[in-house]
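The same chain A turns up in both complexes below, where it pairs with chain B and then with chain C.
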Partner chain A sequence: MNRRFGYGTVLSWARANASRWGLVVSFFLVCAFSADAARIGELEDTQFWEQAWRFVSLRDDVVRTALLGAVFLGISCGLLGSFIVVRKLSLFGDTLSHAVLPGVAIGYLVAGQKDPLAIFVGATVAGVLGTVMVNLIKKTTHIKEDSSLGMVLAGFYGVGIVLMNRIQKLPTGTQSGIDKFLFGQAAALSPTEVWMIAGVAIAAVLLVWGFYRQFLLGSFDVGFARALGLPAGVFHYVLMMLLAFTVVVSLQAVGAVLVSAMLVIPAASAYLLTDRMHRMLILASAFGVISGVLGAFFSFLGNSLPTGPLMVLAASTVFTLSFLFSPRHGLVSRWRKHRSREKRIQNENTLKAIYQVREASEFAGEGVKLSDLASRMRESEEETRARVEQLGAIGMCDLKEIEDEWFAFLNPDGWLRACAVVRNHRLWELYLTNQAEYEPDHVHDDAEVIEHVLGEETVRQLERLLDYPAEDPHGKLIPSLADLQRSLTREPREGRSSGYRMPNQ
Partner chain B sequence: MDIWSHLIPEFSFEQVFVEPWTDLFDPFIWIFLMGLFVTAACGFLGTFIVWRRMALVGDAISHSVLPGLVIAFLLSQSRDTVPMFLGAVGAGVLTTGLIEVIHQKSRLKTDAALGIVFTTLFAIGVVLVSIYGDNVDLDTDCVLYGEIEHVTLEPLISVFGWFEAPGSVIRMGVVALLVISLVMLFYRPLVVSSFDPGLARSMGMNPALIHHALMSLLAIVVVSSFEAVGAVLVIAMLIFPGTTASLLSDRLPIILGLTLVIALIGAFLGMHVALWLDISTAGAISTVIFGMFLLAWALAPRRGLLWRAFR
Partner chain C sequence: MEDVPLETHDLTVAYEKRPVLYGVDVRVPEGKLIGIVGPNGAGKSTLIKAIMGIVPTTGGWVKVYGKPFAKNAKRVGYVPQRESVDWDFPVNVMDVVLMGRYGKLGMMGRVKKEDREIAEACLEKVGMLPYAKRQISNLSGGQQQRVFLARALAQESDLYLMDEPFVGVDAATEAAIIELLRELKNRGKTIMVVHHDLPTAQKYFDMLLLLNMRLVAFGPTEEVFTQELLQKTYGGRLTILSEVASTVSREK
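So, the complex of A and B:
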């Protein structure tokens, strides 16, 4: 019972040491692991660069075939992957890719050799059977969808493994190359297989292009599609068939275990970058192509390391980048936006506090004593000072020392902003008490939040709604819009009703 | 046609069914026990996993365990249980963590996050195995369908002087016992929180805690089964016994009992089929339990397709 199957050959591929280290180094560079950088000295440059040059110069037929396969595969995976990602069917790809395995084995057995067409037919039949079985299990039993996906995945895969084991026990089995279907080997692609990949990719592109609206509606709003008289069911099945074809033709290059990753990951990266479906389709295809080519490249460098995992890693690198740096949905940009919002709110709160201190002294004098401000904000003078300096940095106020006391003087811009914030706050409080019938002592916290986000339109609307009020529910004056606008023209402001004076005028 | 005649080897009852229990009892009993323990532990726990719609989380964990194992081996340069286990559990925790992060910090849904995380980790694992394959002593066979048969190569370890068994069989036996006894011990909270988390909370239980405990237990079972059945076939062991049993009965205690029976039949038939066809035992076991599911699906009383067709 102590057996080792042909998979041992998976290991024996990786034996040529020099280029192996070359691969390790470049692989880790790409994945931003720098732990192995110390080993760069062991790298035998010549062979590594020679191999890289062989790839880039496209001298060999093998390279050209592999590259062409990777490009077309990237296109169809990205295109169809986009649909399964937006339709929340990501794991369906996983099931499909495992379920085709027995079909591959039976195709091989029927043809008696590794005949691409027979394998294609066998795998497609197995894929369709798997799909039908998932639906049947869901319909006829109480078993949930995720379990039925898992059952078809594991059950078919188990049968596939048994058949593959048997094939490798056949007299011709060890040279069958059928083991490459598990992790993929782009270099083992035959021209026929590349033509099949290209055919599926072109069919996918043409169908999606020609029936874009139908696919779109079928993906996002089946009910609406039906109401328009579109056969949504037909497009669903067309999509599923295309998906099955893509998985089947990708097997040789990516391998059954990881095809689903090529479907999901480029599409998910594109999903984070754009909100428009057509851009997502283009981006996902581009990412698919990039990952495919990089995977084929590294696999070639590494003396026939399995291609599938390397493609997946390239795709995941793209995903990580888009997850972090996507302009709108990226982690870093969102964190930045969050930081700048926090800063703005902090500044506005300081401005408001300055206004309130001035208001408490009935707007006498122009400057605000830092110590008064600190006690108003209930913090130490150093903290307050830091806040005021922050305001100074954006040109909203000046900090001056007069007779051993520090004073903050608002500039016109700062004063305007301060009035606007206070105005938002008080208008909202009034709105809540008058229109929403809150108790006057319950409105402050709510207004504290909303004052930073009210837009000009909303403020105008509030004002109209409240009939241009002068006082908030606590009897304090609301700086009026007219005052704000007038202050922009820098007119002298004497004898106005709202009772504040512009500083520095 | 030449191929087909080679495909199914000659069947000899003597060699397939008698010898393992007589002359060759010593190696084969360990294969049988290992298969039984793995299937029983997975199936017993899997019943709950399936109910809680976590079936594919098991899939994800079983794939991402691979890089954990390889990195643990490369760091510790040994195949001791402790570093291997730590690496694998670390990878499991990392998987669930990353899925959460991607799900919460971006607009991708859980299924896409799951599909991204486990395939990436698995790819890292496969690349590491391919590069360091010679010294890791973990090869792609093992990843794809496990190597239950390797237990026969292990030295026997004596357990308190009572009996001698290979280390991995003892380990898996302990895990299986642990799973079964923990599930029995916390049966009520487990059942209530699986079916009605709200009710569980009102009864003073902590569904979140139970969820995490179940996840940890799942990680432990998957990790210990990994070497025996590989990354993909674990799902078969996790899902099939529970779903098959639930086609046959409505009562949970009976379902749990049935999973053990299914595990027993699966391990027994699987071992013999594997011996007959000279194939991977794990593949054979999963095919047998898949077949048992198909039978139950077609013929189960009340739930089966046949019954429904003639009612």
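So, the complex of A and C:
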């Protein structure tokens, strides 16, 4: 059975390459082939390679046509999808792609066969009709847009399914290929259809390239576009027409059910990776092409599995990767940022404790006994030792053994940082009590958080506001910014004395 | 005679048949800083949007420097409300300010070096040049407002229409903006600002346009900022207008 052959070959191939393609393939496996997991290994590797080679070598016309279709489809879906995503029209795209289905069926019925042009016209008319109905419901009733979109989507789709069933029951129905419009079949693309896909893609590229500014401004701030005297309405309709054409010509390859996914997913992946519109357009098109080609490839390997779901799976894999690894918005990078922040806060707390231990002994002696530090931080000496070693690793502190006792010695960098943290903490406490009228015994917890995030600009402002204070609400000295700077140049201290001193002073 | 920056006659606007502005007649003189003041729902934003054709008018006409708006759109700069756009949109500060140049570029023109220099100068004026490469979602409210202001400056217009440029802005930014507006005025520009705070309105503006669905008064601040006229603008006497408006929309 052909279908079983398809699942099996892909699986055995996947196993052979598991290490390299681990993530991507396992995603495919889990999603698409789990049902057939029992049949693993029924078939030979050689058959798989033969089939893959047939695809890669582009020997067959069918492969060439399907591939060309997938590439152009990826481009136009990526471009139009980007605009849909930034304009928050994803649901509209979904409705449009379902609403075209009855048009496909009627086009087929009128032409009496699978005539690309008749189907194109029928689908476009149905799409426009669906859009008009959404607007009509929205304007004349108090039903909101999401509901009217949902109704039109389901209603048109239902009509489409009924009509398609009628066609299947016609004498010529089983050969009609009309069922391919639901889930897509790139291998069934005719040259005419590929030309139509290519035409739409080329038109989309040229228009977006030529009128990029107008599309950009119309999407970002349509009011401003009108105020500039630009024909914002015209460009909106051009974009909507391109969108409708993209949906209609993509039907054969992706299917009505999943066209909107091919519009949204590559664009959303690109949106995670960049924050410039032109880069998003390029990236989304690239992702669209990759997804389209991978979908066509796996469909071919699987002996004409429906292309749509496979393309969408490939696109979802791309999305998952950018969701995890996007440098700015990715899960992994966010987790790492969080980790490094946690670590910095921990280090700063250790520095602060060292300062406080030295302060308790009125800054006599440079080193801080590890046992003193441990009791100050209310933890075991091993834990404290680990903390101090962590500080040592970033060059802020040295650990030395003197007469069987371990001492922590802060380097100048470490000492400056320690003073800065203490200063931030005490300044903030003072600000809360003096200016924000907190009770002195309430302020400590708040300051514990704030001390790590205050920037130098804010600190200067606070100092000015509090008239360069020397003491915090608990009567402790505040090392001032001026003290810190003076210590860097090693000038003698003057005026108000504070607790601040360099390690070697 | 030099054409007046803005003249409207019997300007009327209705949303979904519900009237929001009734027959506004104004003749705005050149080189003035003008506040548009009135209660919520008085149609302040609608007035400036109607002037620029952003919302359709149901009656009357608008002339900008003696011509219909569409013919003189290039001479009008616009600062929309900050909430009117999606600040997560994938553009950076420079991209937004360059949009101010689009009107001058025409249909097919490309952004040139000269446009970039103008945009940079405008960012400098609002103190946002260091942020030129920032993505716009990473800005505070005051910074976003300044970006919009820089975009309007980049339009190099003669008449500026600003929709609540002080909303959600810190005191320092507010002072900086008003300073900038005065400087524009001294260079002969005409600026109309939708404003909702009465005490500062008296301080900031040369002239006030009191609006409550219809034009209550328009004139120099010291003449218009009177108990009687403010009462007329904010007081309950005009509620009948809005009641009638509701009736009209029900009857449609």
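Just so it is clear, the second predicted complex is superposed on the first by the 386 of 505 C-alpha atoms of A that agree within 3 Å, B and C clash if a C-alpha of one lies under 4 Å from a C-alpha of the other, contacts with A are read in each partner's own complex, and residues count from 1 in each chain.
As a convention for this text, a residue touches a chain if its C-beta (ideal position, glycine included) is under 8 Å from a C-beta of that chain, and two chains touch if they have at least 3 such contacts.
Only a predicted model underlies this, so the values are computations on that prediction, with no experimental measurement involved.
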item: Touching partner for A:K88 - first (chain B), second (chain C), both, neither; value: both
item: Touching partner for A:G210 - first (chain B), second (chain C), both, neither; value: second
item: Partner chain(s) touched by A:Y271 [first = chain B, second = chain C, both, neither]; value: both
item: Partner chain(s) touched by A:V257 [first = chain B, second = chain C, both, neither]; value: first
item: First, second, both or neither for A:D221, with chain B first and chain C second; value: second
item: Superposition-derived comparison: chain B or chain C, residues of chain A touched; value: B
item: Residues of chain A contacting chain B in one complex and chain C in the other; value: 88, 271
item: Residue ranges of chain B in contact with chain A within the complex; value: 2-4, 6-8, 27, 31, 50, 53-56, 58-59, 102, 105-109, 111-112, 114-116, 119-120, 122-124, 126-127, 130-131, 133-134, 139-141, 144-145, 149-150, 152-153, 232-233, 235-236, 238-240, 243, 246-247, 275, 277-280, 282-284, 286-287, 290, 293, 297, 303, 305, 308
item: Residue ranges of chain A touching chain C (in the complex, touch as defined); value: 86, 88, 210-211, 213-214, 216-217, 219-221, 223-230, 271, 274-277, 279-280
item: Contact set on chain C toward chain A in their complex; value: 49, 52-54, 69-70, 73-74, 76, 78, 80, 84-86, 89-92, 95-96, 99, 102-103, 105, 107-108, 111, 135, 137, 151, 155, 161
item: Residues of chain A touching chain B in the complex; value: 1-5, 7-8, 10-11, 13-15, 20, 23-24, 27, 85, 88-91, 93-94, 98, 109, 112, 137, 140-144, 146-147, 149-151, 153-155, 157-159, 161-162, 165-166, 169-172, 182-183, 257-258, 260-261, 264-265, 268, 271-272, 302, 305-306, 308-310, 312-313, 316, 319, 323, 329, 331, 334
